[in-house]
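Structure first, commentary second.
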Amino acid sequence: MSLYSEIFYSSEINELFSDKNVVAEMLQFEATLAVSQAKEGVIPTSAAEIIGQCCHTDFIDFERLKTDIKLSGNAAIPLVKQLTEIVKQKDSEAAKYVHLGATSQDVVDTATVLQIKDFIDWLEERIGLLEHHLITLTNKHCNTFMIGRTLLQQAKPITFGLKTALWLESIVRSKVRIEEAKKRVLVIQLAGAVGSQNQQINPKVKALFAEILDVETANSWHSNRDNLAEFASVLGILNGGLGKIAKDVTLLMQTEVGEVFEGAAAGKGGSSTMPHKRNPVTSTAILANANRVPHLVSTMLSGMAQEHERSAGLWHSEWEVLTEIMKLTAGTLERGIELIESLEVDENRMLENLEITQGLIYAENVSLALASKIGKSAAHELVENACKSAVSEHKHLKEKLIELSVDLSENELNELFKPENSIGLSLEIIDGILGKV
Amino acid sequence: MSLYSEIFYSSEINELFSDKNVVAEMLQFEATLAVSQAKEGVIPTSAAEIIGQCCHTDFIDFERLKTDIKLSGNAAIPLVKQLTEIVKQKDSEAAKYVHLGATSQDVVDTATVLQIKDFIDWLEERIGLLEHHLITLTNKHCNTFMIGRTLLQQAKPITFGLKTALWLESIVRSKVRIEEAKKRVLVIQLAGAVGSQNQQINPKVKALFAEILDVETANSWHSNRDNLAEFASVLGILNGGLGKIAKDVTLLMQTEVGEVFEGAAAGKGGSSTMPHKRNPVTSTAILANANRVPHLVSTMLSGMAQEHERSAGLWHSEWEVLTEIMKLTAGTLERGIELIESLEVDENRMLENLEITQGLIYAENVSLALASKIGKSAAHELVENACKSAVSEHKHLKEKLIELSVDLSENELNELFKPENSIGLSLEIIDGILGKV
Amino acid sequence: MSLYSEIFYSSEINELFSDKNVVAEMLQFEATLAVSQAKEGVIPTSAAEIIGQCCHTDFIDFERLKTDIKLSGNAAIPLVKQLTEIVKQKDSEAAKYVHLGATSQDVVDTATVLQIKDFIDWLEERIGLLEHHLITLTNKHCNTFMIGRTLLQQAKPITFGLKTALWLESIVRSKVRIEEAKKRVLVIQLAGAVGSQNQQINPKVKALFAEILDVETANSWHSNRDNLAEFASVLGILNGGLGKIAKDVTLLMQTEVGEVFEGAAAGKGGSSTMPHKRNPVTSTAILANANRVPHLVSTMLSGMAQEHERSAGLWHSEWEVLTEIMKLTAGTLERGIELIESLEVDENRMLENLEITQGLIYAENVSLALASKIGKSAAHELVENACKSAVSEHKHLKEKLIELSVDLSENELNELFKPENSIGLSLEIIDGILGKV
Amino acid sequence: MSLYSEIFYSSEINELFSDKNVVAEMLQFEATLAVSQAKEGVIPTSAAEIIGQCCHTDFIDFERLKTDIKLSGNAAIPLVKQLTEIVKQKDSEAAKYVHLGATSQDVVDTATVLQIKDFIDWLEERIGLLEHHLITLTNKHCNTFMIGRTLLQQAKPITFGLKTALWLESIVRSKVRIEEAKKRVLVIQLAGAVGSQNQQINPKVKALFAEILDVETANSWHSNRDNLAEFASVLGILNGGLGKIAKDVTLLMQTEVGEVFEGAAAGKGGSSTMPHKRNPVTSTAILANANRVPHLVSTMLSGMAQEHERSAGLWHSEWEVLTEIMKLTAGTLERGIELIESLEVDENRMLENLEITQGLIYAENVSLALASKIGKSAAHELVENACKSAVSEHKHLKEKLIELSVDLSENELNELFKPENSIGLSLEIIDGILGKV
């Protein structure tokens, strides 16, 4: 694997998609096909046993395989050829039953599905972990005041817990999407040369084959790739959700903002010549992936108009791209967990930053309070002018309002300039979200 | 609308997304907000009534609106300004209650959702129609023999009904995806300036507001755009499924293939100087859209890492793109219905094309039949050699086999070279698919 | 045009691509073809004159045209039909010479090129204007100190002029790219039905035709679309360069940074309820476009594998997409000019922000100065420890160093903590860049 | 490397981008920097010599490097750390001069440029080879008649040489684009922490550094990435041009067309159970890449809006993507050469296919010939009716015309139905193209 195998990816998922594991899943296809056919009386049980014994990656010549893939156009043709030779050495009769009735795309597609299945298992467990950390963070900071920002401008106060609760909601929706997509994507491909099946892969064989592999049965999807495109999209959306979190963190980590920080670790994100720097390394990796994955998803969508019963090129374009989407998603998610698990929050800086505008973020509070006393229009006009004066005179708005002797007691004014009185229904929203997960 | 408003689009959906209708939905937001707030005692009922009366597009100055959008950065700010002026002319008190507690993104996003709702209604009805035509076509041609093709090469016989049944399956899955995405995308946006809500848009107001608009309530998704990205993806997948159908039709309409044809219409697809041409005009439009939509979907995915409580640019990039995705999808679907509804099938040409290889497509049949008599290896070798001789001598494989006096009667040979004995489980698969829709 | 015709686009360029102008260019093709053929003796001069007189958009029924485009598959077929009818009404003999020897793609493609030509004229003039404003800004701020930021962290001082000079360099390179692409894209399409030309469009006719239209002659590029793809890419890169500028501006406009601001205008970017907000409306529009254009460029690239002598769908997918790329680029550029022309710089805030880290950004200066006195390693270690203490004790680094009695005079220390001594070769680099434009 | 390292890629270019070679180029940066600084008196010559001796990949711990990349956020930081340790073991004084004045992005970007340089050398040599094969093919088949096809319909005759000459033109234009892009992309990155340079990397050092590396000097492009985006685009266009060739080949190889074939090779593209199949394996690989690369190019474009003086994520997203674009382009080009070099053309089948429409493709010839005798309108009408009758009666158009006793001798008719009289200026166009390369 490349220099960047750890920063953008997950080691576990890199391993899942190693050449060896890809080939192992293809061999799993052949062994399972044989045993299913044997149980349904299509081939001799002895043949299935021998085939099963030969379905091990140790027997495969990987270098020859790569070269032959170039000649034959996919991985299954030369793999089946090697497997057949291996079986033949044990029992030439059994060799006749290798891959019986199946087509090369059946092997490649089903092997992909089996890897997707393992990937989803990993993914769901990790999303659970991410949710857990987000829930913890939200609970901890449900009442931590900070400024809400729109178009990168300070707007009005919220709590940090509201921000993280909304992050959480997006991740939870991604979890549901994966669940829904699973029904469609976790299905066998076993349809024969042109998708019409045949007696060797009759419905009973298919049902058993699917049962053993623990996925659903299906008609040919050789050139109907909507399920894979959907799965790619769903992962793209998960990446986007994590990209949003990472974007917020990088912005909050800015030297001029300084409200949250990635957890420190020895050697992480520092600079020897710039001692003040604390680079958002983990978020940066997530954002890099978030810039890449959407384009890989659209490669899958662009590849859907596949010709006839099997495409000349579009199917082939999926192989590495779908794998890359899964691998990058794993990296994004793993980085996301690391990020949330160790996120440091500077509550004091959040409070300080609420004061940067010298009270202007509370102007609407004052306006609403005054309205009940002097009427809406008058209140609005008064506050607008007070704001202008405060800015031009570099004064705090509250100070200016006192100067102007507005019809509000100092106590009333103090209350109006407190973040706790300006966070809307943040707490209720957080409760609602946490109550549902 | 542009010169291409009819070829790539649907007039009905173009109309749905006209400036007037977009603004109408935004005004619908304001009217509904006012009435909900009135019913929950937040604003006077009289104010809500006046606001409601003013929420008509006839009162809006569209040219001024466009110019002001450039200055203010979105459509809601200047629209609310115009609306407030209009209300003020009727009742200056009521004007104070326009848009109360809401933020401009609430208006834009909810209006988008309301349009998505109308769009989905249209879409579901049309998908139903497409399914109907695909079912009819499949029923008619379940037993129409044709060659199955892989990598653009003739492979083995199938029936045309198998091909169309698999097209149908993909469309049915798209229907399910839309159904599932609906739950998430058909939700209000009503969260206030920074997504924290406020007393003016409290849970009761929101619940009533959502009920009136006939969509679900939701927390702020101001900068969590996964639901829109999902909806875009689901439409992208539907486009891809139709692209696959159109690709097949263009290939089958090739002069050298000539198996299916787009329905003829006066002035459609012809050429005065090339009388033999019958251009696949409808499929061409679908394929054009299928090349465009994936990239628009990835624009939505690329736009997900939105900053803080409202993005500076990524949100804005969604507006025209999501609309364009819906409009192109409508065009694709409408063209798809036209295509399937009037598709002409040349069954004789399909039969003729089955003979192009002079029997080679039946070689495996012979090999399997001979195997039971002379053993698998011998059979395979014999047939392989017969094929080579047939090709080099430009003879039909059956003729060659007779010449070679293979151990099969002429009657047996005749059966082996019939498409009806070579379509695998095509009919069973078709039955299965039709049985489920 | 849509609600967003002003915010994301340029009115002038919207107009250039109006239906009327598109059709006018196609009619220009027919008139020029006729006159060229007449001058080369291919058709009667009188016929060319009559054809020329009929080539006006006033005579065209646009509604009928749109409907017929759907039937015929492109705009040229029904337009030529209408034109022929119009000519016929004047002179049935002349009608025979309309569009002689040409094919519909010749018309559509050449008309596109003519629009690109007008667009480039506009573009080059506007890029010149942008350069002018960038040069002015750079000259004004070559010596305006600010912090340079990497990974959104304060790093070391630069000058604002260095930042804008590097913006300028990117724009200048885009200008060169457009110049280079022009040679290839500004060429006629006049190749006949299958690109093989014919006597009606012989080399002499083509040469004259190209000369009149003031573009170069060329062989068929009916299905070789590299030049259009290149032009799209070049525009994509220009958009990206402006996106980078807008990104910087939005970040510098953050409330917590406050170093530059978009020029104020009545009604621009403000918020009545949040008086402190100054939204980066112009930059936001640029960033929205910058998120969209890359995906449109890749649509052009995805459409390059066009079939045979004319594609069934991929050619068609270019029409609206290339136009959209040009229109969005025009909007981006126009917004960019507005942005740079009126950009406000708060030099004091830039200086204040240089103090946020309390001297840490100058740590390397101290380290280098000390090295000559106490050796590199000792200096590095001393400064590293001083930084840590300063941070933990919330002291300015200079104060801490004085406390630690380092081997530097107060005067020396003062110099080391000045931005003017920390901007590297910023001024020389700026001079170099300005010297070349 | 993956299972697909040979089918979609080039082994030579895979090797160029191996981890070892990537790191070697980064070490080349450090060695060259040191020697340049020594020659300009910035650092001691002895230090530069020792640093140079240590710049070998054998000394690098790659596993540690990958792990540290994750922590530090790029490859240069931990590599410089390792290098410094290595130098320190030899000479602790020299260690102080490692990487002096440079920043990590300088290393990564310059190393990338050095790899681009090697890649372009390879690319240009291979494009030359592709051109050579295309010229040979064009010369051989300048006069080989075949049908030209538009929208996948037979249109009018061309020669195969015209098709290949137009393929060639597109490749030649790509060569020019690469040449033009080279000027901009083959430049050093050596600008220091925030792009402002410093005395250690002063103009003289930079000039020498660039001279040694044999690329041009340049100001900081740390966050102005237009040159890389351009290079990616240019490669995308080359991919598209080859995709167009591969698309044509797959279509021409269809069983029903059978006009050209990929060169045969042992084990290539065959199917044991379908002896008639000759899969377009090489074209399929090209088309797969052609579906992938556009989306990778747009990743580069989407990554252009980089923040401030160095981006947090967008820069990082380029690393693997740009490499992947180059690697896939190499595969596409290598496959393209293999394809063209060994392409087999069935001239007889091309002639046969010209007869599929039974003369209809010559209808316009007849119409033009008759026009001079009976007038244009009458001729057109007569031929149109003759075509209709011929089709409905399944007769050859010539036969029908004879039946109708048209005013043309049999000899004249024979001439009108010959492809050699219907190829327009194919030969002249080919001559023109070959004359220029």
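When the chains are written out, they are named A, B, C and D in that same order, and each has its own residue count from 1.
Assume a contact is a pair of C-beta atoms (placed from the backbone, for glycine too) under 8 Å apart; a residue touches a chain by one contact, two chains touch by 3 or more.
None of the values given here were measured: they were computed from a predicted structure.
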item	value
Those chains which touch chain B and also touch chain A	C, D
B-C or C-D - the one linked by more C-beta pairs in contact	C-D
Averaged-CA centre spacing for the pair chain C and chain B, given as whole angstrom	32
Inter-centroid spacing, chain D versus chain C (mean Cα positions, whole Å)	25
Residues within chain A bordering two or more other chains	73, 149-152, 155-156, 193, 246, 250-251, 273-274, 279-280, 284, 287, 290-291, 294-295, 298-299, 302, 312
Contact footprint of chain C on chain B as seen in their complex	1-8, 19, 22-23, 62, 65-73, 75, 193, 246, 250, 265-269, 273-274, 279-281, 283-292, 294-296, 298-299, 302-303, 312-314, 316-317, 319-321
Chain A-facing residues of chain B, complex	73, 96, 148-152, 155-158, 162-163, 165-167, 169-170, 173-174, 176-177, 180, 184, 192-198, 202-203, 219-227, 229-230, 233-234, 236-237, 239-241, 243-244, 246-248, 251, 287, 290-291, 293-295, 297-299, 301-302, 304-312, 376-377, 423-426, 428-429, 432-433
In the complex, chain D residues that touch chain B	147, 149-156, 250-251, 253-257, 272-280, 284, 295, 298, 302, 353, 356-357, 360-361, 363-364, 367, 380, 383-384, 387-388, 391
